[in-house]
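Read from first to last, the chains carry the letters A, B, C, D and E; within each, the first residue is number 1.
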Amino acid sequence: MADAVFLALAVITIGSAIAALELRSLIYGSIALMGTLGGIAGFFFLLDAPFVALFQLAVYVGSIAVLILFTVMLVKRELIFKKIEDKRRKFAGIGLMLVIMVSLGAVFLDSGIKTITTDEPAPNFRDIGIDFVTYYWPALILMGLLLAGSVTGALVLAKREDVENDQRAS
Amino acid sequence: MTSELVDFTLVSVALLGIGIYGLAVKRNFIRMLFAVEIIINAANLNMVAFGRFLPHSGGQTMALFSIAIAAAEVAVGLSLIIVAYRMYQNVDIADFRSLKG
Amino acid sequence: MIEITSTPLVLIAILGTVGILLPIISIARKEQGSNSFYAVIAFAALIVSMGYVGYQFYAENIASSALFSEDVIVDDAFGGFFAIAMLIVAVFTTVGSFNYMRKHNSPAVYYSLILLATIGMVLVAYSTDLIMLFVAWELMSIPTYILVGYMKKNPSSNEAALKYFLFGALSSAIIVYGISISYGLTGSTNIGEVIQGYSTLDPSLLPLALLSVGMFIAGFGFKMGLVPFHQWLPDTYEGAPPTITALLAAATKKAGFAATIRIVVLGMVVLNLDWTLALGIIAVMTMTIGNVAAIMQKSISRMLAYSSIAHAGYILIGLAVAPHSSLGLQGSLYQIMNHAVMKGAAFIAIVGIVTTLGVTHIDKLKGLGRRMPITALGMIIALFALAGVPPLSGFWSKLMLFGSALDASSALWWAPWLAIAGVLNSALSLAYYGWITRKMYFEGETEKRVVEPKSVIAVMIFSTIFLVGFGVYPEPLIKFVEFATPVISLGLMP
Amino acid sequence: MATEAFGLPFEVGTLSAWLVWILPFAAAMIIPGVGKLSKHATGYVAVAFALMSALSAATMIPVALEAHELHHQIMWIEALGLKGGVLADPLSIIMANVVGWISFLIMIYSTGYMKGDKDITRFWFWMMFFIGSMQLIVLSDNLLQVFFGWEGVGLASYALISFWYRDKKKDHVGVEGRTVLGMLDYYAPTHAGMKAFIMTKVGDVMMIAGMLLIFLFAGTFGFKELMGDTDWATAMAAQGLLVPAFVLLFGGAVGKSAQFPLNEWLLEAMTGPTAVSALIHAATMVKAGVFLVARIGPLVFALSAAGIMADQFFEIIAWVGAITALLLATQGMVNNEIKKVLAYSTGSQIGYMMMALGIAGLSHQYVDGYTAGFFHLISHAMFKASLFMAAGSLLHIVGSRFMSDMGGLRKQMKKTYAFMWAAGLGLMGAPFITTGFWSKDAIFAAVYTSGNEWAMPLYIIAVLTAVITAFYTTRMIGLVFFGKKSKHIEKMEEEGHHIHEAPMSMWIPYGILAVLTIGIGLIGLSAEEGLHHMFTDYLEHSFGIHSEHVANEASILPEFLQGLNPVALGSSLVAFATGIGLGYIFYIGRWVDPVKFVNSNIFFYSIHKVILNRWYLNAIIYWCFVVAPLWLARGVFRYFEKTAIDYGMNDGVQKAVGWSAKVVQGTQTGVSQSYLFVFGAGLLFVVLILLI
Amino acid sequence: MEYALLQAVFLPLLLSPVAYIIGRKVGPTPAMWFTFAILLYTTILVINAALSGTVEEHYPWTEMFGEFGFLLDGLASPFAIIIYVLSTILALYSKPYMIHKFHEQFEEEQKITTSSSGQSSVIESSSLTNYVNAKSGLYFALYLVFAMGMLGTVLSTNLIEFYIFFEVMLIPGFFLVALWGDGPRRKIGLMFLFWTHAGAVVLLLGFLMIGLTLGSFDFADIKESEIPADIAMYSAVAISIGLGVKLAVFMFHIWLPYVHGSAPTPISALLSPAMIGIGAYGLFRLIVEFLPMTFADLAIWFHIWGLVTMIYGGAMALMQDDLKRMLAYSSISQMGYILFGIGSISVLGLAGAEMMYVTHAIGKGILFMMAGIIIVKVGTRSISKLGGLAGKMPITAVCAVIGALTIMGVPPTSGFMGEWILFFGALETAIEEGSTLRAVTFGLGLVATALTMSYMLWMLKRVFFGKTPEHLEHVKEGSWYMTAPMMVLAGFSIVVGIYPDIFLKTIIPYMNGVLGV
C-alpha cells in the first residue's frame, strides 16, 4: 500500500518536474511545478512530517508558485510560448543529467544506506519548536534579517522608478 | 515503513539531475527558476527522509529553514526578472551575454 | 550557551538594527535623505562593530583558534579574524560609496543591504552549525544579488545579477543537498558532531560522506570562484557596481573560505583520505586559468576579477596541504586578510576612476598616474602586493602558502608541484599587473590632473599603510594569524 | 758591497735595479701633465728619463762582471703570499743595458723623427711606458711580474702600432687592393694594432697557462725559488706536465717574438712610427721572448741535468726557431716595402736566437748555444735598430714605404748610405769585422757541435738562411741606393722637394749603432769570449750547470781565430759570399733583371708567388680565426640568439601566453547555460575525484 | 659605529622622498648633490665597517622567518663597497645624462601634444624647467632606493630578507628603465620585471625548501645545520636557476641585452656591473657556503655553464652594432667568467670569481659611462656610425681603453688580477681531480679571453679610432660630471690591479674558511 503511494508520488513528482521544464507553455509549466512541489509535500506526509508538509504546501504551492504564475503572466504572451533550444546542448544536458543520476544513484545504492530502516516513531513537531528556540535561535534572527532584507531589496528592484518620478513630478 | 530510505534518496537524486538538466539547457529564466526550486526540493526531501529514519527532528527544522530561504530567493529572483524584462522585454537568459571573454 | 556579549551576537545586534532601521528611516524621511547621511550611519555602525571585535581581542575575551561548540555559533579568534577582514572591506565599500552612490536612487536600502550582507559573511565565519552556516550564507548571498543588480538602468548590472543569482541559487541548493547528506549520515547539524560522526563512520557510508564533501566544495567553491565553478565570476564582477564588486571579491569570497575551512577542511581531516588531492588539482587549475585569462583583458574590473580567481587558487594551496603543514592554514588566513585589503583597495580605486572618469577600459587608463596620482599609486601598490612583490604584505602570505606546499612535500608527493605552479603563476601574474602599471604610468604623458574623490583617497591611504607597514614589519599580523588559525592534525577530534 | 750605504735597507745596485724600470714609468706618469703645459718639453723629459734609466742599468754592470746577482723582494700580494722583486743577474743586467741604451738612442732619434706630430705627448707616454714595461720584464724576479711587463709591452706595442689611429692612407702597410686567397693584404694602423695585440694574446694565453701550471706545483712564481727546490719539477714530470708547462710558457715567447706560427703580426706592426719599429719590433720587445727562453732555459736544462728529462722542450724551441728563420728570410727576398723586409729579417734573426737557445739545451755544453743566442740578440739589437732608424730616415725623406719608390739615393744620403751598409753587413754577417758575423758563427758552431740527432738539418737550415739573409740585405741596399732614381723621387724633385740627408738628431743614433756594429765586430771574438766566460760563471753559480772547459784542439785556423769551429766558419763565409754575390748580380750590378728572371720559369714564378703571398699563412690564419669565427658567430646570432632565444623565449612565451589566454577567454562565452553546464560537470568531477 | 649598516641601508630609503622633494622644488643639481652626499656618507660607513673586519647587526623581526640582520664579512664587503662606490659616483654622472634625457623626452611630448592638438604651441622654458625638476626628483628618489636594494641584498643575514631586498632592487630598476629608457622602453621594462621576477620566485622556492626543512631562515642557523642531500640538491638547483636569471647566464640571458641596452646609461652602469653580479653573490653565499656538499656535485655544471656563457656572450658581443647592447653581451660573457670561477671549486677560483665581480664592476662601469657620454655628445649609439673619436674626446677615450683593458684582463688593470686567480683556481681543480673535462674547460676558458679581447678591441677601434665621419667633426668632450667618475674608476682599476690586496685580503680568508682549507 505504502509502496504504491510512494510510487505514485514519485511518478507525479518526477513526471511533473520534467513537465515543468519541458511543457511548451510557461503557464502549464508553472502548474506542473506546483505538481512537483505538491508531490514533495506528499512525500513529507509519507515521512510523518505533517508540519513540514503543510508548510510546504502553504509557502511553496501557495505563495511561491502563485508568485511565479503572476510573474509569468506579467511577461509578454509570445515569451510564454517561446521555447528555442539548442539541440546539441539539450542532448548534452540530458547526458549530464543521466550521468549525475546514475553515478549519484549508484553511490546511494552502493552505500550502507540501503540497509537503514527504522521502526522508531517519527520525531514530534514539538521537538522542532524546542529546537528553534533553544538551539537555532540565532539562525532564526538571521532568518528574520534575511527575509527583511530580501523583501526590501526585491521591492526596491521591482519599483518602477520612471512611474514614481512621474507621480512625483505631477 | 515499507518504503526505505534509499527509495526517497533515489527520488531526490532524480530530481537533482532534472534540476541540473533544466539549468544547463533551458533558456527561459523563469524555467531556470523552476529548476532551482526542483533541486531545493530534492534536498528538502532528502533532509526530511533522513530525519525520519534517524529519527531526529533536525531534518524537519532544516527543511523549514530551507523552504523559507527558497521563498526569499524566489522573491529576489523574480524581482530581477522584472527588472530585466523591463529593460529587454525578454527573459531569455541566453540573450544576456554582453559580459564575456 | 551563548553569552549575550559574545561577538557574533553583538555584531548581529549592531549591524542588524542599523540595517533594518535604515530603510525605515528612509521611509520616515520620505526618501529625501541624501546618500552621505545613510553612508555615515552605515559607516558608524561598521566602525563600532569593528571596534567591538577589536576590543574583544584586546580584552582577550576570545578563545584562540577555531573551536567547535555545542551551540550554533562560537566566539573564537577564527571568526574574529574573518570578522575584521570583512568589516574592513565593508568599510571600504561604504566609504567608496560615498561618492559613487550620489547619482543613484534608494541609498538607504543599499547601505542596509551592505550591512545585512556583512552580518551574513561574518556569521558564516562564526557558525558552528550547518544550518546556521547555511542561513548566514544566504543572508550574505541574497542581499548581494540585489546589490549587484542595483543599477536598474544598467543592462550589465542586471545581467551580472542574473548570472550571479542563478549560480548562487544553484550552489545554495547544492549546499543544502550536501548538508542533508551529512546530516543523514551523522544525525546532527552541529559541525562538531558531524565531524565526530564522520570519524566513526561506517565504512560502507564513506562514499556518501565524500559525496557531501564534494557538494560542499562545489557549493562553497562557487563563492570562492574555484575552477570549474568560476564562470559567473568575471561577468558578475565586471557588470556589478564596482563598490559591490569590492565587497564580492574581497569579502564574500572570504566567507566561502571560512565555510570551507570550517566544514571541508576540518571535517575532512577525520575522513583520513587522500582527499587533499582534489583541492590541490582545483587549486592549480584555478590559479592557472585565472592568471591566463586575466592577460589581455580590456576591462580592468574583469582583469581583477580573473586575478581574484587566481588568488582563490593560491589560498586553496593552503587548504590543500593543511593536514600536513601548520603553515598551510596560516598562509591561507594571512592571504585572506591581505587579499581582502588588496582587492578591496584595488576595486575602490576603480570606484574612484569610474566616478571621476567613467571608464574601466584599460586603454583609457593612460596617464592615470598623472591624472589621479594618489588613486593610481594606491592601486599600483595594491597590484604589486597582489603579485606578491616584497616588501608588501602580499608577499608574506604567498611566502607562507608556497612554503606550506613545500613543507608538506614529505607527506604529499605532489605538494611541491603546487608550490611550483604557484610560483610560476605569480610570475605570470606580474605580466598583467605590469601591463596596468605601464598604462597608468608610462603612457599618456600629457594628461592633466583631475580632482580625486576624498573617500577613495582615504581608502588608498589606509590600504597603502596597511600593505607597506605589514610588509616591512609583518610580525603583528603573523602573530594574529597564528592566533586565529585552527590547529589541524590528523586524527583531530572536536 | 756597499750595503746600506745610504741607510737604505738594500744595496745600491738593488736600488738601480728598481729605478731602471720605475723611472720610465714615472716619466710616463708625468708626461701627460707636462704635455698639458708644453708639448715640446715632453720629448726632453722622455729622453732625460730614458738616459737616467740607462745609467741606472749601467751602474749594475760591475755586478754582472763579477757574475754576482742582486735579489731583492718586497711583499706584494699578501693574501696569496706573493712577493714581488727585482733580480739583477748577469743575464738581466746585460739585457737591461742593451734595452736601456738602445732605447735611449731611439728616444733621441724620435725627437727628430716625431717632430711636429700633434699627438706627441701620447707618443712619449707610450714610449716611456714601453721602456718601463720592458725593463720590468728584464729585471723581475718572478713570472707574474714578468707577465705584468709582458702585457705592458704588448699594450704599448698595440698603442704605438696604431699610433696614427686616423688610418690615413700613408700609414697603412701592404699594397692597396692586393688580395691573397681573398684576404686583403693591406692593413690600417688600427687594424694592425689589434692584430698584433690579439695574436700575441694567443701566446700570452699559453704563457699564462704555463705559468699557472708551474705555480700550481711550485707554489711560487719566483725564478730563484723555482731553482731552489726542484721537488715541484719531479712532481710535474711524474704527471707528464713538466714539458707541456714549459712549452706553454714558450708559447708566450712565440707570440711576443713573432715566431712561427704566430709570426704574422710583426709585419703589420710596421704601421707604427719607425722609431717604434726600431725600438719595439726590432731591438727590444720582440726579444722579450728570447729573453724569457734565456731566463727559463737554464732552469729546464738544470732540471734535465738532475735527471728530469725535458729534451722535447729544447727541440721544440730549436725547431720553431729554425722554421721561423727560414720562413721569414725567404719572404724578405721578395717584399717591396723596406720596413717589411726589415721586419721579416727581424723575425728570421730571432729564429736564429731561438735555435741557438734550443740547441743549447740539446748539447752538452749548454753555455755555448746560450752565449751564442744571447750574443746574437745583442748584436742584432744594434744593427737592426740601426737599420730601422736608417729606413725611417728614408721614409721620412722619400715619403714612401716602397723600395720601388726609392733608388739611387746613395748620392743624396751619404751618411745613411754608409751606416746602412755597416749595419747591413752586420746583418749579413760580414766576416771578421761585424758583430753579426761572430754571433752567427757562434750559433753555427753551437748547432754543429751539439751532437744532437737534429743538428744536421738545423745546421743546413741555418746556413741556408744565412745565404738568404745576405741576399735580401744586399737586395734592399741595392734597391734603395743603387740604380736609377724612381719615378716617385723624380716627381718629388719636380715638385721642388729636395732629397737631403736626415737631420742630425736622427742620423747620430743609427750612426752610433752602425759604428758599434763594426766596432764591437772588430773585437768580436774577445767580446764573445768575455760573454761566454760570464755566462759560464753565471750558469754554474745560479743553476749549477757545469761546463767542461774543452781544451781547443789546435785547428787549421790562424791564431786569432783559434777557438772557432772551422766548419762553421767555412759555411759562414760561403753563405755570406753566395748571398752577397747573388744580390750583387741582381740588384747592385743589375746584370740580370730579377723580374724577368722570375718570370722566365714557371718554377721560379710559383715559388715567388708563394713567398710573396707569405706562404699563404696569413690568409689561412685570417680565414680560420677571423672569417670563420665571425661567420659562425653571425650564424649563431641570427639563427639561435635571434630566433630561439629572442624570438622563442620573449615573443614565443608572450605569444603562447596570449594564445592560451585567448583559448581560456573563449570558454567564457557569456551564456549562462554553458556556465551552468560546466558547473554541473564540475560537481561531478569533484565528486569523482573524491570517490576515486 | 653602532647601527652603521642599518644606516647604510635605510638612510637612502628614508631620505629618498626628501630627494624627490628637493628635486621637485629646487632642481636637479641640488637633488644630485643631496643624493651624492647621502651615498657618500653611507659609502664611508660601509667602507669604515669593512675596514674593521666582520661586522654584524641584528634586529628583531618576525618569529617565523627569523631576524633582520646585516652581515659584512669577507664575502660581502667587496660587493658592498663596489655597489656603493659605483652608486655614489654614478650619482654625479646621472645629472648631465638624465637632464639630456629629460630634455629629449620633453621635446617628444611636446611634439605629441602639438600634433594631437593640431596647433603649434610655444614651448615655455619655465615648463621645461618644471618638467626637468619633477623628473629629476623622481629619478634621484628611485636611484636611492635602487642602490639601497642592492646593498641590502648583499648584507642580508636571512633568506627572506635576502629575497625581499632582491626584489626591492628590481622595482625601482623597472621604473627607471620604463620611464627613461631608450627604444621600446615600456616593453623592455616589463620584460625586465617579468623575467627577473620569474627568476626570483624560483629562487624563493629554493629558499623555502631550505628554510622549511631546517625550520629557520637565518643564515647563521643554515650554516650550522645539515640539510638532507635531496632537499639540498633540489633547493640548490632552484637557487641556481633563480640566480642564473639574475646573472643572465646562457639561456637565461634573454632579458639582459634589451634591458642594459635600453636603460638610462647611469642605470645600465649600475645594473650591469653591480646588480647582475649580485647573482654571483647569491651563489657564493647560498650554494658555496651553505650547501657545500651539493655545491661539490654541481660545480662542474657551473663550470661548463660558465664557459658556455663566456664564449656565447663574447661571440654575440662581436655581432652587435649597438654600443650598449654590445656591452650588455659583454656583461653576459663576464658573468660567465664568474660562474666559471665559482664552478672551479677551489679557493683561488672562488676568490678570482669575486675579484671578477669587482673588476667587472669597475671596467663595465667605465665602459657604460663611455657609452653614455657618446650618447649625450654624439647622439648615436650605433658603432658603425662612430669612429675616430679619440681625438675629440681624449679623456673618454683613455678611460674607455682602461675600462676595456680591465674587461680584457690586461695588467696592470684589476681585470688581470681577477682573471689569473680565477683561471688558476680552475686549473688547480683540474689537475687535482685529474679531470680531462676540467682541463679542457680551463683551456677553452683561456681561449675565451682572446675572444673577449677581440670584441673589446674591435669596439674600441670602431668607436675611437679610424677615420672620423664628417658628422662627428664638432663633437666635444663630456662634462666633468661625466668624465670625473670615469677617471676615478679608471684610477681605481689600476690601483686594484697593482695592489689587489685591498680586496683579496678579505676575500681569501673567507674563501679559505668556506672551503675549509
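Basically, a residue touches a chain if its C-beta (ideal position, glycine included) is under 8 Å from a C-beta of that chain, and two chains touch if they have at least 3 such contacts.
What you are looking at is a predicted structure, and each value in this text was computed from that prediction instead of being measured.
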item: Least step count from chain B to chain E, where 1 means the two chains touch; value: 2
item: Two chains sharing the most C-beta contacts; value: A-B
item: Far-end chain from chain A, centres as C-alpha averages; value: D
item: Distance between the centres, which are taken as Cα means, of chain E and chain D, whole angstrom; value: 38
item: Chain centre separation (chain A, chain B; CA means) in Å; value: 5
item: Distance from chain D to chain C - Cα centre to Cα centre, in angstrom; value: 78
item: Contacts with 2+ other chains: residues of chain E; value: none
item: Per-residue multi-chain contacts in chain D, two or more chains; value: 665, 668, 670, 672-673, 676-677, 679-681, 683, 687, 691
item: Touching two or more other chains - residues of chain A; value: 89, 92-93, 96, 100, 104, 107-108, 113, 136, 139, 143, 146, 150, 153-154, 157
item: Pairs of chains satisfying the touch condition; value: A-B, A-C, A-D, B-C, B-D, C-D, C-E, D-E
item: In the complex, chain C residues that touch chain E; value: 327, 384, 387-391, 395, 399-400, 402-403, 406-407, 416, 419-420, 423-424, 426-427, 430-431, 434-435, 438, 441-443, 445-446, 473-475, 478-479, 482
item: Residue numbers on chain C that touch chain D, as the complex places them; value: 162-163, 166-167, 170-171, 174, 207, 210-211, 213-215, 217-218, 221-222, 227-229, 231-232, 234-235, 273, 275, 277-278, 281-282, 289, 292-297, 428, 431
item: Residue ranges of chain B touching chain A (in the complex, touch as defined); value: 1-11, 13-22, 24-28, 30-31, 33-35, 37-38, 41, 44-45, 48-49, 51-61, 63-65, 67-76, 78-83, 85-86, 89-92
item: Interfacial residue positions of chain B with respect to chain D in the complex; value: 20, 23-27, 32, 93-94, 96-101
item: Residues on chain E engaged by chain C in the complex (per definition of touch); value: 60-65, 105, 109, 112-113, 116, 160, 163-164, 167-168, 170-171, 174-175, 178-179, 185-186, 189-190, 193-194, 197-198, 201-202, 204-205, 208-209, 211-212, 234
